[in-house]
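The next block holds one structure in the form of structure tokens; read it before the comments.
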Amino acid sequence: MNAPSLGFTATEMMTIAAARVLRNDDVCFVGIGAPSAACNLARLTHAPGITLIYESGTIGTEPDVLPLSIGDGELCDTALTTVAVPEMFRYWLQGGRITVGFLGGAQIDRFANLNTTVVGPYDAPKVRLPGGGGAPEIAAHSREIFITMAMGSRAFVEKLPFITSMGHGTGGDHRARLGLKTLGPTRVMTDRCILEPDPDSKELTVVSLHPGETREGVEAQCGWPLKFAADLKETPAPTAEELEVLRALHERTRRAHAGG
Amino acid sequence: MNAPSLGFTATEMMTIAAARVLRNDDVCFVGIGAPSAACNLARLTHAPGITLIYESGTIGTEPDVLPLSIGDGELCDTALTTVAVPEMFRYWLQGGRITVGFLGGAQIDRFANLNTTVVGPYDAPKVRLPGGGGAPEIAAHSREIFITMAMGSRAFVEKLPFITSMGHGTGGDHRARLGLKTLGPTRVMTDRCILEPDPDSKELTVVSLHPGETREGVEAQCGWPLKFAADLKETPAPTAEELEVLRALHERTRRAHAGG
Amino acid sequence: MPAFLSLAEAIATHVKDGDTLAMEGFTHLIPYAAGHEIIRQGRKHLTLIRMTPDILYDQLIGVGAADKLIFSWGGNPGVGSLHRLRDAVENGWPHKLAIEEHSHAAMANAYEAGAANLPFATFRGYIGADLPKVNPNIRSVTCPFTGEVLAAVPAHRPDVSIIHALRADRKGNVLLEGIVGVQKEAVLAAKKAIVTVEEIVDDLGAPSPNSVILPGWTITAVVAVPGGAHPSYAQGYYKRDNAFYIAWDPIARERDTFLAWIDAHVMRATPADFAARRPAA
Amino acid sequence: MPAFLSLAEAIATHVKDGDTLAMEGFTHLIPYAAGHEIIRQGRKHLTLIRMTPDILYDQLIGVGAADKLIFSWGGNPGVGSLHRLRDAVENGWPHKLAIEEHSHAAMANAYEAGAANLPFATFRGYIGADLPKVNPNIRSVTCPFTGEVLAAVPAHRPDVSIIHALRADRKGNVLLEGIVGVQKEAVLAAKKAIVTVEEIVDDLGAPSPNSVILPGWTITAVVAVPGGAHPSYAQGYYKRDNAFYIAWDPIARERDTFLAWIDAHVMRATPADFAARRPAA
């Protein structure tokens, strides 16, 4: 766990790590929570030209505060244009125009498949989760998928009870065998480390530990025997600017949502 | 042929006959030419609430002059709303929201099938006509079809070289056998008479002769042995109001299109 | 032209026990007032269709109005679970709820197909996902040109669709603006459509020739309910009440607090109360 | 962001001999200036896609630029025949033109499917009609729920789509208004898209949050050509030149009058000449 003395929280590190990998010419399909914070942080720092799309139909939106939902009025007010939801899924997502789709979930496995549907049997669930929403097709049609999730042994599991959205399936060339030409999950940004799929097996591999994290600490938060890259790196700590912009964004957001 | 002494032309009679059968709550899919004149005449006389839709996407349009094309700016300027063409064909026509589709063509047969594609063989046509445009699906999805065409033995033919849009096919319950639930052509308004399909055989039958027309005169303009209804009527002559409104509409239209 | 009715009349006349009912609004323009009227009138055995059930359907499910839910994402957006939905699925309270679960792409395409009067929708979907294993209404079609196998789902054809819109004119033409979701498709796919609006005006004031307008003759009934989308919002009229969405979590978590809330804010309330709930625009 | 090019550069760079080319605009916003530039640059062996070939394709076919035409209605709207199209089909002048003929519904759905990256479009069409007998690209699919047999056509996926729009901003975002036809779909279905516009402005001035806007990153090149749609029109800029459509009939009826017109008004003209041709708005 990040000590308070580091000057930032683990969630901040996760969000900032996700923001850094976004490029100025990316077209991002944004989900609520950490992805939304990461995308807007990128837009407010190194990637001012990034195009943010929320599945509510808002294209090229530039919100001043983070939306609570994917359809807050702020998104529409600041968008280049807002289209109907069938068009969003047909022309924009299935159309292959999204370069980065952000996903998260309740559970992930070593091949970056995600579960947001149920824990326990589908017909008699122990925990009924919200379901897939846009995820099954975001996972298929975005050029690549970035995942943000906090680690934990109940979230990073050996076997998913339900595959809501496919990552690399059973690994290797599984995606290609299903006819997919997109890259699938290329990066998983957690609160403790960054993982990337092995180029061949597609098994998630830790490539970078966040400041203050150890192999053992990370392994304890994962339900499968975790692989580490030979050239394991340390994630650069958040810069003062990153922290400042992110915290100001969250503070504006808090003030806006508290009203009523 | 209508003598000049009747005080109106055959084309005027055809247009006015077509206008009269339109109802205030109809939703019409309008083609250019006589249908457009008829629909707007109805709107300017007995059916002010009629909804006119042109396949260019204009819904509820109220043009002051007749458009030359189905997409003149006048149509959009006066429409309730204008939608994209894929939506027009999917939600509005195929959606089953059109009560009256207007069609015409170069040729018609006794079952009100129409040809606007070719005269002669398809691959080596003697006359290449414009083609079907919206007609094949207008014919299928409108609740009923009104046809306006000037008579003539090369237009009203025994056998079509090409069926561009289906009327009653080979007659009887042919439409129903193809799964169609719409009525198909229910009226053909010509410059000389009005025809309607026989309730059982669906063969076109003259139900009303325009003023000044005779059975023999009409028969001479038809390429098949023409049937006449037992209670053959005479079409009421245009009223002064009908003629006045129609001529004013045409005059406004002439002035508008001559500009440039 | 649609009938201009009171909300009570519109629901009493057009929504029946056992109906398949779609209430749409993608975060924006969710028809809460209409949902509350359905609860007040005690409708039962409904099949509810909605991409994102949201608090609206949490309330309908919690009072036992629904036998079945057809949906693609059942959460409280940005907050967490829909506790009444979970209680019905996990514990069968107040009774067992049948579910037919899709992805957003499937639901959006199914509405689109319904509006287009097609029997099914096709799209490239569910690849490598488990939902087709548990939902027999996810099937496939094969492209007759390339041989590619694509996903297919039945078109949505609700008995009744209910949406909330910005305004209607005196002919019942309705204007939507902003995040328009699948509302137009939901109306055009349905046998009957009820539209609640913020206001009824002489002139719609549509800003563009391509504004999203539903002609009055596509609508069964129009009802003026100012504030009728609260705690959702109406672009240009009032904002989303995000604080209420956050407050709903503890209210819905327990059965008794939920029932007390329904009693106080639905059963003892009227559509007119929505006007007072609007936050500033 | 698209490149901002001259019309000559845009056509020289992005339209090649043998390309499949869609130039759309449903009566409104037909990209005439771009068509004339293609004629001036002498492109050959094009496959031309367009719902309504109109005078634009009559000109391209008449000069021999096209090997094949994919279309649904080939007339001069409100006037009569396209004589150059007829001469090519009936007499093989200047050479034989292959045709693939559809209905409007099929063409519109094929663009929609192309924009949606689907291999085919399905719709309820061609019932009892003869076109499926002469066009092998009209096939069928069977609904996996009802067993109904529906028509299927391949999606349009042009190498290049060219449209004319009202205006672009400095980032290359493009606004369409009025009769928007299938232009958005044509752009999104294509590998490359060229958009000519009336003007390039600092602010698009879109009147509605739901205005029809193509983001700059969906477009390959933007070209300012004031009047570039003449004799078609640009809503709010200038009217359709109906008199020219009527005048085209005798010009195109004979080969020599046609060739003389092309020489005078295309070969010896430039895109800048379109500005002078605009009638008043």
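In order of appearance the chains are A, B, C and D, and numbering begins at 1 in each one.
By our rule, contacts are C-beta pairs under 8 Å (C-beta built on N, C-alpha and C of every residue); 3 or more make two chains touch, one makes a residue touch a chain.
What you see is a predicted model; the values in this text were computed from it and never measured.
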item	value
Neighbouring chains common to subunit B and subunit C, by label	D
Where subunit B and subunit D are represented by their mean Cα positions, the distance between them in whole Å	28
Separation of subunit A from subunit D, taking each centre as the mean of its C-alpha atoms, in whole Å	41
Residues of subunit B touching at least two other chains	76, 82, 90, 94, 141
Residue list for subunit D, restricted to those that touch at least two other chains	112, 116-118, 123-124, 148, 178, 180, 184-185, 206, 209-212, 235
Chain-chain contacts as defined at top	A-C, A-D, B-C, B-D, C-D
List of subunit C residues in touch with subunit B within their complex	112, 115-118, 173, 184-185, 188, 206, 209-213, 215, 217-218
Interface residues, subunit D side, partner subunit C - complex	116-120, 122-124, 137, 139-146, 148, 150, 152, 154, 177-178, 180, 206-212, 235
Of all residues in subunit B, those that touch subunit D in their complex	32-33, 55-58, 67-73, 75-76, 82, 84-86, 88-90, 93-94, 113, 117, 122-123, 125-128, 130-137, 139-141, 162-166, 169, 174-175, 178-180, 256-260
Of all residues in subunit B, those that touch subunit C in their complex	25, 27, 51, 59-60, 76-77, 79-83, 90-91, 94-97, 141
Contact footprint of subunit B on subunit D as seen in their complex	26-28, 51-52, 71-75, 77-79, 81-82, 85-86, 89-90, 101, 103-105, 108-109, 111-112, 123-131, 134, 148, 178-182, 184-185, 212, 233, 235, 239-246, 279
